[in-house]
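Both of the next two complexes hold chain A, though its partner changes from chain B to chain C.
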Partner chain A sequence: MHIPEGFVAPQVYVPAYAVSMGLALYGFRKFKERLSERSIPRLALLSAFAFILSSLSFPLPGGTSVHGVGVAPLALLYGPWTAYLCMCLVLLLQAVLLGHGGITTYPVNALAMGFVGAFSSYAVHRLFAKKSNAPFLAGFFSTLLSALSVALLLGVHPYLFTDPSGRALYFPYPLGITLPAITLSHLPVAVVEGLITQAVVGLLRRRNLEG
Partner chain B sequence: MKDKVLLFLYMAGVVFVSSLSSPGHLLFIFFLLLLAHMPSASRRRLRRRVKPISLALLTTLFISVPYALWTGHYSYLSLLALRALDIMLLTLLALSRINLYSALSFSRSLSQLLVLSSSYILLYRRLFLDFLQALKSRSPEGIKGKEFVRFSEGVGGYFFERFLRDSEEVAEAMKSRGLDLD
Partner chain C sequence: MSLLLLFVLLSVSLSHELLKEVRSEGNCILVRFYFQDGTAFSYEEYEVYRKGDRVPFQRGRSDALGRVVFCPDRDGLWLLKISSQDGHGAELELSLRAGRPEQRHSPAESYKRVLSGLGYLLGIFGLISLIFGRWKR
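And then the complex of A and B:
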């Protein structure tokens, strides 16, 4: 799902930075409210776990890549704000340490994978709270909705940013291509993400290790 | 403070470069950035920089070549490739001069989270790459799907156990050193 550098317009990523950083600050305040002495190490290591999951990426012919997100277990165990904060951290370190994604695409990735991913998984889990496979559904739908939001954000670029000759200036493919290419290709990833969420959340809860 | 200012200048530079849509201007900036990289261009550093740049360039071409062929806008290729290269070179230049931990140290708990996360990410990533190398050496004919799933399960279980153990150890270590939180 990572978008390479140069494809997102500054008119999109600058406001996205403002929104994502504002949300991260709010998330950080929420996180501090429930801070205990073990929360920081656990959050750091859960972030590292999410990093490993999301490092397994495969290139896609729609212009991005397929990989696990790892945000759903964090959202179900620590709440969506904390999960969003962790994803901001993971995505930042991915961009800086590994060159996955980039500095211009960071806020778009943070909002799509972090914010949409965390809140959708939390909402879906609450919706199906009585079902035993609620964590699976949370992981599955969070991945699909994250992919959908990336497809929407990229797909609007050719409508907004073209020169007089009709040449695209940033991401070139319209919604008609990005929506099916990105969301359909993320179906198997969503299944894997759901299975991982079910396993991790189940194991942590059995061991009573929630934050 | 110096790192925070440099980070701000770097971000302003990225916005400027990404707002340019003339390949000529982007080419000029590309040469300027190459010159800026010259003083620190040892062979080892160069090798470390070539890999992420070529990967980013390949991805960019992977996306832009079909569009250029489909629409006949061949200048789109140079526009996107140069823009991606400029941003990458600018980022590498900034990262070699900015202490990211200091630039992002807005609070003590955030700094602790950043340092802990990055150090464990690097540690686990190295371990993960070792596991992957071991799998490759056991599969001279290439890794098959079933094999990869089994590998992922084993590695996932291992790392999960380590996360649990290490988080307890780190919490105890922080407590014993009197590292209070904000």
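And then the complex of A and C:
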């Protein structure tokens, strides 16, 4: 799901840097307010969990590979702003250490996986708060909506950025290809992510280790 | 603020690690060398050896896009050395079967990187816990 270097136009990633860093600064203030001595080790563990989950790609038939995000447990237990900030850190380390994503695509990845992932899981969980499978739905939709935002962002590139001959300057495939290719391939991952979120959130809540 | 500075320093210090991408093109092997920030490792000297040979099979300079192409005459182990004057470089061992590399990168290398990422992550939260008292004051 990480968008690699060179796929996103400067007209997109420069404003995305401003937006994502502005949100991160605001999120940092929220993070500081909410932080307690008790929560730091758990946040570290859940961030490490997200780092591992989003670093491991699984091949799918057709030559593509997919991975989870792991942002939902963070968002449900510590709030979406804290989750977004932790994902910014996770994605930065992945960009510089693993080459997943890149320096120019970092803000776009942070917005898609961090912001959309964190806030969608939080909103879905609140919407289905009375249902026992709310964490599953939160994990499922956070992955699917993150994938959808990546597909939308990449898919609009060939319409917006072309040379005089009409050739795409950056990402070449249109929405008709990116939407099914990215979102459908992430459906099985979203199911697994939902199950993992249900298990992790349930475990931490049963042991009174949240918040 | 100090955390932000740490992130910036971290990204700058690690953005110049040399990465490589290996592909088969017909009967030849194409290796592209580049830095984390996408900059090509251009016009740098390389040597390709059949593993065990002292005389290079091929030598030259990478092209403008940081690419090295060589066409091996047999399967087995091959060694590609590339380096620049400012201390960057890499040694790449390739195991060829039917003229193709058996694997594009070592899985052990990826695991090491994931583990180092985990180390950085836990270290950063360790720092947060150290400066937590100042934030709460």
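Here is the rule we use: the second predicted complex is superposed on the first by the 203 of 211 C-alpha atoms of A that agree within 3 Å, B and C clash if a C-alpha of one lies under 4 Å from a C-alpha of the other, contacts with A are read in each partner's own complex, and residues count from 1 in each chain.
The criterion applied here is as follows: a contact is a pair of C-beta atoms (placed from the backbone, for glycine too) under 8 Å apart; a residue touches a chain by one contact, two chains touch by 3 or more.
Because the structure is predicted, anything quoted here is derived from the model rather than measured.
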{"item": "Combined model on chain A: chain C and chain B, fit or clash", "value": "clash"}
{"item": "Which of chain B and chain C A:L127 touches, first, second, both or neither", "value": "neither"}
{"item": "Which superposed partner A:L160 touches (first chain B, second chain C, both, neither)", "value": "neither"}
{"item": "Partner chain(s) touched by A:L89 [first = chain B, second = chain C, both, neither]", "value": "both"}
{"item": "First, second, both or neither for A:V14, with chain B first and chain C second", "value": "first"}
{"item": "Residues of chain A touched, compared between chain B and chain C (which is higher)", "value": "B"}
{"item": "Overlapping contact positions on chain A, where the chain C interface meets the chain B interface", "value": "5-6, 32, 35, 37, 40-41, 43-44, 47-48, 51-52, 55, 89-90, 93, 96-99, 102-104"}
{"item": "Partner chain B, residues of chain A touching it in the complex", "value": "4-10, 13-14, 28, 32, 35, 37-38, 40-49, 51-52, 55-56, 59, 61, 63, 65, 89-90, 93, 96-99, 102-104, 163, 165-169, 171-173, 196, 199-200, 203, 207, 209"}
{"item": "Contact set on chain B toward chain A in their complex", "value": "11, 14-15, 18-19, 21, 52, 55-56, 59-60, 62-64, 67, 71, 73, 75-76, 79-80, 83-84, 87-88, 91, 95, 100, 107, 109-110, 112-114, 116-118, 120-122, 124-125, 128, 152, 156, 159-160, 163-164, 166-168, 170-171, 174-175, 181-182"}
{"item": "Chain C - residues contacting chain A, complex", "value": "7, 10-11, 14-15, 19, 36-38, 110, 113-114, 116-118, 120-122, 124-126, 128-129, 132, 135-136"}
{"item": "Chain C partner contacts - residues on chain A that touch it in the complex", "value": "5-6, 32, 35, 37, 40-41, 43-44, 47-48, 51-52, 55, 89-90, 92-99, 102-104"}
